[in-house]
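You will see chain A twice below: alongside chain B first, and alongside chain C after that.
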Partner chain A sequence: MNKDLIKYGLNNLWHRKKRSLLTVISIFIGIMAIFALISFGQGLSSYVKSISSEMGTDKIVMQPKGGFGNPTESAFQFNEEDVEFVKKVSGVSEATGMIVTSVQVQQDTAKKSRYVYAQGIPTEQSEQQLINELFATDLGSGRELKKGDTDKVAVGYGYSQPNTVFEKPIGLGDKLYINGKKVEVIGIYEPIGNPIDDMNIYFTSEAMVDFLGAEKEYATIFIRSSASEDPREVAKTVEEKFRKYKDQDEGKETFFVQTFEDLIASFSTILGILNTVLVLISLISVVVAAVNIMNTTYTSVLERTQEIGIMKAIGAQNRHILFVFVFEAGVLGIIGSAVGMFFGYLIAKAGGFFAASAGYSMLQPAFPLWLVLGCLVFGFFMGALSGLAPAYQASKQKPVEALRYE
Partner chain B sequence: MKPVIELKDVWKTYTMGENKIHALRGVSLTIQKGEFVAIQGPSGSGKSTAMNMVGCLDVPSKGEIYLDGVNIAKLSESSLAQIRGRKIGFIFQKFNLISTLSAWENVMLPLTFQGMNESERRKRAKERLEAAGLGDRMNHKPNELSGGQQQRVAIARALVTDPEVILADEPTGNLDSKTGATVMQYLQELHQKGKTIIMVTHDDKLAHYADRIAFLKDGIIIKATKADKTKTQVIA
Partner chain C sequence: MIKDFIKLAWGNISHRKIRSWLTMIGIFIGIAAVVSLIALGQGLEKAVITQFNIAGTDVLTIQAQGTGQGPPGAGVVNHLTQDQLDKIDDVLGVDVAIGRIIQTGKLEYNDQLGFGFAASMPDGEARKAVHEILNLKAEKGRLLRDDDRYSVVLGNDFLDKTDFGKEITVGSKVLINDKSFTVVGFLEKKGSFTVDSAVLMNEEPLIEISNIPEGEYDIIVARVKNTDDIPKIKEDIERVLRKERNVKLGEEDFTVETPEGALKNLKKTLFAVQLFVYIIASISIVVGGIGIMNTMYTAVLERTKEIGIMKSIGASNRSIFTIFFIESGVLGLVGGIIGVLLGMGIAELLAALGSAALGDGFITTQFSPLLLFGALAFSFIIGTLAGLLPAMQASKMSPVDALNYTK
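On to the complex of A and B.
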């Protein structure tokens, strides 16, 4: 459309600064919330995607039903025979269990103690590889645990940081007391991204039993399917065979088998639903903003009735008048969106910063280009559509009556 | 001479509740090309309604209005707008400039509605303002101009599309007598250059600037006379 009419519209918004500003404020709040929420949702889902791609698609997990929470308090746990059984199922290339137990850890027997999870890492190369792939953790310094490392441990990233697990950071070769027993730190992991996991202590599976006296029971069995097999089919086979082995009825199993991909997918779906609900809630404020834009435009039409008459007298057609008011409403929408995105960005960044300093480094917002452009386009159309009814009314005014309006 | 405007038995009736008010009751008037015609009458006589009809701002309830031979009583709103833009230039009592636009932008506006390209409309508007002696005030907003200057901007806006007919509604009503006289002289000059001018006024002295005066009372033309130019001396 015409540059002069665009300038006329912008002049009008500027001329009524205070009202324009108030309208922009009413718009930006909703957009700010939506932008921040979606950026977090995006960050989280790309994190989930990245871990699932790091883990590969050949992994399958087997867990007791209802064992999704605390790994040490499941209904039942698998034993060594179960793992051996699963290993023999056709299509399974590798299977291993992980012993998990809660332990007391101290830097010094006289000092304060913390309760953390100790996990048993298998010492066989291929099994250890499977666990490492699944947990997507790399050793930051030191060495991997190997067979015979009875009183040696690897520790989570949190131990290497001051004022995290303990006041004083732990280094390689330092001593720790686990359930009162002295152990040596031989490896420190890279951060996993949440404070609980970063406080883990890793023993060899043998040491978990022999040194800590833990039961040889597993909350989870981790399986790798053979390269030539479809992991979903393998998961089905494992479930079927294990059900028969345990003599359970179909549908009444006390365990479940799922590919890691499906597990991640269902996790992503839950995240997605949660995010959508939050975005829908913030859409309420967008509706309020839309009503506000409509109100502003109605007021503006009323105030400028005579001007509409003048413009019609000097040759403006209905479409010119319609354009001016829709454009003004759209500009309010787009400015509101831009301001909203700016504050949404700050909030998301601040949120990410606080999450990271609380140890949740995986909770980081992402700002893809489509989100920025989408918000601007959404803002413009929301404004323009809200302004449509009053603009249409303005465009339909009879020139004589509009001119006479005082 | 060819008539530019012809009103044939034009009625305008407003319905207010149960009452019908006839603003115009069978007005017939023919205006030739290049004529300067004043429509004079007391307030409420229907002269503004008549002017709105001539200016295509309103359509009659009954009767026919021909502008350049085209019956405008039957045209759509959008066609009327285009005719207004091309053929008619309005000069209002209250100048009716757009307050948020500069003098230059105000004068460009009618050309904008006609879809003329930017450089051309800037050029034309500038020429008009310079001709009106406002070359140094082009970028000023209406509230930064005196009443006389504002009316000159309004006249420049009316002329920028080079219309056949200039419609002036009490053009000096908001001006002091000296400035008013200048505006009237300017209208006369335009008339001498061949423009058709129709002016609505209640002022007897102003009416006599015209070639012909149509007296309107209670919605009908009660008398049409030749103007007496000697009467204009009083204010000139």
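On to the complex of A and C.
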């Protein structure tokens, strides 16, 4: 019986091709937008997850307060003694400071300048290891910086691309001018995924001071907690000890200490909220599509009033009639979702491609299975729910009156 | 004639009440969403522009190029210097050029700590000019004078502020970067965070507490004598600075921004964000349009016999087309009217909720006539566009076939 009803429903949809097609179109547009947006949200959160798993959970950062988005601009920076102090706090297995300063970089002293951040990489083996783990990327070509590399630098991915930092791409062994001083490029990093970080220049910590004349001050202290300790507890201990060391009162600290996990978590929460807002806005179009399905179903109930009467007269029960119309509406929903996901996939892929070519390779869509299945199920239920009221009306019709309907 | 058509269209629309309502609901949901989002977006834009306090129309802003993050002067390699300031001051048409230092710092009061920006005030005539350009007035106490040393004037946000546990008043001592300063006045409220949260002090003490070399500025503002000369003065300043800073044309490591330029840049950034949201919201209007098209196809199909009869008693193709065309236009327009009203309501509601949550003034609505009439026109056009194909189909029917048609 159900098989017959399903066949009957599908036939009806096929019979009214134009109307079914338009209804499907109205659903797929909304699903397309939602699918594309969620896939970007997913891609971003899996990027964040991959970073945190790559970095490990034992990392802690310590930064001065009041930086306002620019690492060189904090009112206070840490010094050598501060780093030494933090190293000795119990639970800390490793600590290192990073010198950051902004520099002018040119390909040729007569050519266009760019202004970027220069960062100091420690040359001590274990400290360099810690920094390398914290970077979301590896050296793509060339070698790591080592002690004595005064006029040698490693550069971000952006330099190896034409028309990104400079028109002409930079290769290993090429010369750059930093604040007018000539240096040699000995390493090029893989992309970090955003244009600012990919424009970084890396010196050794010593070269930052001796060669560039930067102050031996650190905008950030990176800490590795001991394997046996809970990083959050270590972060708390460091904060407490350092506060006492600096003779500051609780609540009046000029610095903050946070595990990397928490830092990333707060970042992805913000992204999640933004993504949710966009998805909610695109849900409006799905609501409109649901209204369209309802309308289509009302129309077909009206058109088929006599048919309903005949079916009832030869023994169809209310629930059979209800099933036919709800099923029809559900099929419209599921087809619309499938088409919408297909186009949403294309749009997300195209968007990811454009983001990558603009330097934001961290913005890549992801298509988990639950998203695909979820969209199909959502489409079916949305359709079926929209068809419920008209289908109910159809099922309640009296056979005699329905047969008489003109 | 056209009056009859409209009457006919209205009759048909009200005859199929459920269908017409559902069709219009489809349109007005979309219109309401777009109207409310744009109204809030424009309100937000206005609030943001006020926040950035783009100073008078007779002021050029000069900054050295840096990494572009943070406050003016942050991440700059080659700072603007006293020499450059003097040269700009000498440019023909420049009334006065003012160098300012902007530094991040901490402010301590009642054993509580806060972080923010401190900005320097120049001496003499230039001080008067800054007061005029930014229209600074003291709400309490007084503004800074040349002979002030460890005195500060605080922005209006510090008045009645409970962040420090105790109110700061004129005469209070505050610690800025661990140095004690006396508060001599509070500024009037400006509605812009750059002024309202400012800590103003004279140049000398700021250099002293923030450990920066003397004679370097983060930002230079130049007031012109005659606003008509702004483009020429901008070019002159650029030429002078190129020479002073030893850079070639097209390779400048500084920017000279006109007031219009600053406003334009800000609006451009805001627009890009708004556009993305609007496009996503507009999708629902398109979906509503498809609903109209569907309804119109159904209407044409249902009324095939009617069309046959009308044609056989002399209706032209054009008349049939007009009947259906008007019908779909009316569906769009009425949906649009309801949508605009609903959208205004939603926007006001959201603004009220937003103000309650985030404090007064930041989230407001702006209903420009362009928005309201634009939304109505748009919904009407969507309606007519959606009706175009069904109406054409109806008008092309041959009368005999139409009369013969059975469901």
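Throughout what follows, the second predicted complex is superposed on the first by the 401 of 406 C-alpha atoms of A that agree within 3 Å, B and C clash if a C-alpha of one lies under 4 Å from a C-alpha of the other, contacts with A are read in each partner's own complex, and residues count from 1 in each chain.
In this section, contacts are C-beta pairs under 8 Å (C-beta built on N, C-alpha and C of every residue); 3 or more make two chains touch, one makes a residue touch a chain.
The shown structure was predicted, so the numbers you read here are calculated from the model rather than taken from an experiment.
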- chain B versus chain C as contact partner of A:T123, first or second or both or neither: neither
- Task: Using the superposition on chain A described above, determine whether A:Q161 touches chain B (first), chain C (second), both, or neither.
- Result: neither
- Task: Count the residues of chain A touched by chain B and by chain C, then name the partner with the higher count.
- Result: C
- Could you tell me if A:V288 is touching chain B, chain C, both of them or neither one (first, second, both, neither)? second
- May I ask you to decide whether A:T305 touches chain B, chain C, both, or neither, giving the answer as first, second, both or neither? neither
- Task: Answer with first, second, both or neither: which of chain B and chain C does A:S268 touch in the superposed model?
- Result: neither
- Task: Pick one for A:S45: touches chain B only (first), chain C only (second), both, or neither.
- Result: neither
- Query: Who does A:L403 touch here: chain B (first), chain C (second), both, or neither?
  - Reply: first
- Query: Should A:T57 be classified as contacting the first partner (chain B), the second (chain C), both, or neither?
  - Reply: neither
- Could you tell me which stretches of chain A are touched by chain B in one complex and by chain C in the other? none
- Task: Would you tell me which residues of chain A are touching chain C in their complex?
- Result: 18-19, 22-23, 25-26, 29-30, 33, 37, 65-70, 72-76, 102-104, 110-113, 115-117, 179, 196, 249, 251-254, 278, 281-282, 284-285, 287-289, 291-292, 294-296, 298-299, 303
- Quick one: in the complex, what on chain A touches chain B? 2-5, 7-8, 11-12, 15, 306-307, 310-318, 320, 398-400, 403
- Message: Under the stated contact criterion, what part of chain C meets chain A in this complex?
- Response: 18-19, 22-23, 25-26, 29-30, 33, 37, 65-71, 74-78, 103-106, 108, 111-113, 115-117, 177, 210, 247-248, 250-251, 253, 277, 280-281, 283-284, 286-288, 290-291, 293-295, 297-298, 302, 407
- State the interface residues of chain B toward chain A in the complex, per the touch definition above. 52, 55, 57-58, 77-78, 81-82, 84-86, 90, 92, 96-101, 105, 108-110, 112-115, 118, 121, 157, 161
